[in-house]
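Read from first to last, the chains carry the letters A, B and C; within each, the first residue is number 1.
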Amino acid sequence: MRKRKNIEEKFFKSLSGLTTYSLIGILLFIIAVVFYKGFNALSFEMIFKPPEGGYYYGGEGGVLNAIAGSVYIAFGATLIAVFIGIPAALFINIYLNRMKKVQNLFRYLLDALWGIPSIVYGAFGFTLMLFMGLNASLLAGIITVSILITPIVVRTFDDVLCNIPKGLIEASFALGSTKTETAFKILIKQGFSGFITALLLSFGRGIGDAASVLFTAGYTDLIPRNLDEPAATLPLAIFFQLSSPIPVVRERAYAAATVLTIIILSISLVARYISGRNTFSNIK
Amino acid sequence: MNFSRVIYNKFLSSWMRISITVIILIPFAIGIALLLKSLPIIRSDSIFNLVGSGKWAPSEGKFGFRPYILSSVYVTLFSFLFAAPVSFLSAIYLTQFARGRLIKLVYPVIDILAGIPSVIYGVWGVLVIVPFISGFVAPVFNTSSSGFTILAGGIVLAVMCIPYMLNMLLEVLKTVPTGLKEATLSLGATNWETTKHVVLRNCFSGVVSSFGLGITKAFGETLAVMMVVGNTVHISFNPLQSGYPLPALIANNYGEMLSIPLYDSALMFAALLLMTIILVINLFFRFLMYRAVNQ
Amino acid sequence: MYQEVCDNIENLVVEPKVKREEPTTVLKISNLNVNLPNHPILKNINLEVQENKITVLLGPSGCGKTTLLKSINRLTSLTPELKVTGKILIEGEDVLNGRTNIPELRQKMGLLSQRPFPLPFSIYKNIAYGLKLKGVRDKNLIEYNVEKRLREVGLWNEVKDRLNTPASSLSIGQQQRLCLARGLAVKPKIILADEPTSALDPTSSKTIECLLKELKKHYTIILVTHVLRQAVRLADHVVFMYYGEIIEQGEPQELFKHPKTEKLRNYLIDGN
């Protein structure tokens, strides 16, 4: 009896331990595969030149068009998302302070919004684009991605704000500040790490998401100069070029994948460093 | 209050109000827009026929979504079979057995895995999983396969869902009070007995909802699956055949859809369907989760 | 009500023990050090605990009493950052030795924590659980034990008609007594009580105190408290701790009347 108990303990300890370590192994494996393929393809030309000679035929050039397009879209979308998301998070935490039920309902809705797949956002963005009379362009891409990442901004920032002690808010009221002043002077300052984390996370999501820009941003070999020009993005550059029969074009996909992975990795690590918390959760 | 302070307050508070209103309206706007766009096809045929019929022939005006829905369900099921046990066991190891150093290492790993864009998982799937299936798995079962299969989709999706599920499971398992664990341990229970008898019992609904939310994540995933699943329709339950999930249908056919009547409406209907299914499951499990975590 | 409980116990406690003349040492702690990274919690603790006595660990909050208690049954392993060194001997067996079977060792000690933590089972199963962990399968034996332990803590008459209701339906004072009964069911040598009355109302506290006094006839009790009066009422041996160190220890009469150190004297003044 005593024996069986110990064997069971040992068995589950080793099984679950093995699982956990293999999880770390898988992460390393994925990154290793992408980097192994990508570093062979990476060169100065690859990063700093747009493709030349047509994208189905291969030829010279690199993936600068996609890097530029992705950065433009992620940057623009983050800007819009922060512009709408940050005040919304402040609103939830200062005006709805006394209404726990409403507050939770809002969070519930936002979390559900976070759960909607990006292809649905893509379809919605496309509808919106037609409705506004736009073509597939940088602007349409930015608008679609910003709708996708706004809930992320709100919930990430809100996660930090809701841990700010009530006493601090009350102290601010006691000094005669209005709700608005408390929100914009005290809460933003106290939750600044959350603000930065929200910024970084949404930027990372924006730069990496493919399904939402598939129909809205278009694809081109040129670097967009205007908001109404189509723009290539890194995920789509990878997606389109990976299936090409021409090795040179496939190389570009690998290079783009490596660039994207490096960007995402740096964002993750910086966000971790700043937030100093164990994990970003989207429940609670 | 002086004049400029009043203006400052008015301006910022209306900014906050407008922002929150816009955000709360987004889900409704999406729902209404997709519904309006899919009205033509809903009018032309009953919803029951659309969802239940297996015939997909846009040029004849036949739009049956059943094979795509089944394909989605099947891929999701496979990913769940891989992802659920792995994330479950890891969560238990990390909360019950692991040493401090490992825990510190694993949290960033989860974060990074969760942050990697789906297209990168797709690249990994194409480079590793697809050849693995055509080269090793198919010969074992005495069949030949291109490797672009339901199974490949399931594996790639599973790897994507694990960090998401694991993150929630850890959050759920953290809600078990330390005192309760201490009480059980001091009765002479081993770590595993404590987990089995007390921890899991205490947060059963939280664990179930983590799994449920993981499923919705897998169900809606587009690009990574699309890259490895083959994108042709087979109604068979052989995981070594290719599949064609709903999100991939939408993504693949957007370009050509304007030339055939009702085609764009059909795809919008697919998006609406996808959103409805996911929202319903998501809202249900999230509700369970709130109750489990804030009990 | 507590008087009634005490009377009950007087009548019901079985297997009276022959009093020994010489006090025996059950637990011996030598050179125990517990550290967080860069921060010591317990410094060089040396302590002997006598059988069938109540040893009270007294001191201000945050002085390491609870950590000391948790080192004794290795609950410190739940906090992986803690580094525990030294020797803790129970009946000659070293608790901190890596090869000791911890679950078996923990069954030599019953834990009573600051607030009650009933397991998410019925009242009956709460007590039966420890026995089942020990490998007891005989239903009659389990039933006998459940009744005996519930009688021991004076809970039997209150719950005998609803043994299958969830333990969480009991009042908090009853829950604490149930937790005590649960700990007794595995036949421990030592009862580790960590401020067991801090979450309870005065009546329930008195009941628990009364129980501890009775139980010391059969068990050895280590009680953590910061309530001076409780220490005076219960202690056979007092250990005064301050910031991770044992400052003074001895018989309560002696110690409280003639404190040798400034720290204890101040604590006594503040406490009264």
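Convention: a residue touches a chain if its C-beta (ideal position, glycine included) is under 8 Å from a C-beta of that chain, and two chains touch if they have at least 3 such contacts.
Please read these numbers as outputs of a predicted model, since none were measured by experiment.
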Tell me, please, which two chains come out on top when C-beta pairs in contact are counted per chain pair. A-B
Looking at CA centres, what chain is most distant from chain C? A
Expressed in whole Å, how far the mean CA point of chain A lies from that of chain C is 52
How far is the middle of chain A from the middle of chain B, if each middle is the mean of its Cα atoms, in Å? 16
Centroid spacing, where centroids are CA-atom means, of chain B and chain C in whole angstrom: 49
At which residue positions does chain A touch at least two other chains? 5-6
Set of chain C residues in contact with two or more other chains: 103-104, 133
Enumerate the residues of chain B that touch no fewer than two other chains. 98, 190, 193
The residues of chain A that touch chain B in their complex are 5-6, 8-9, 12-13, 15-17, 19-20, 22-24, 26-27, 29-30, 33-34, 37, 83-88, 90-92, 95, 104, 106, 108-113, 115-124, 126-128, 131, 147, 150-151, 154, 178-181, 183-184, 201, 204-205, 207-211, 214-215, 235, 238-239, 242, 253-254, 257, 260-261, 264-265, 267-269, 271-272, 278-281, 283-284
In the complex, chain C residues that touch chain B: 70, 73, 75, 78, 80-81, 103-104, 106-107, 109-111, 113-115, 117, 119-120, 129-130, 133-134, 179, 182-183, 186, 192
In the complex, chain B residues that touch chain C: 98-101, 103, 177-190, 193, 197-198, 201-202
Under the stated contact criterion, what part of chain B meets chain A in this complex? 8-9, 12-13, 15-17, 19-20, 22-24, 26-27, 29-30, 33-34, 37, 85-86, 89-90, 92-94, 96-98, 102, 105-113, 115-124, 126-128, 159, 162, 166-168, 170-171, 190-193, 195, 213, 216-217, 219-223, 227, 247, 250-251, 254, 267-268, 271, 274-275, 278-279, 282-283, 286-287, 289-290, 293-294
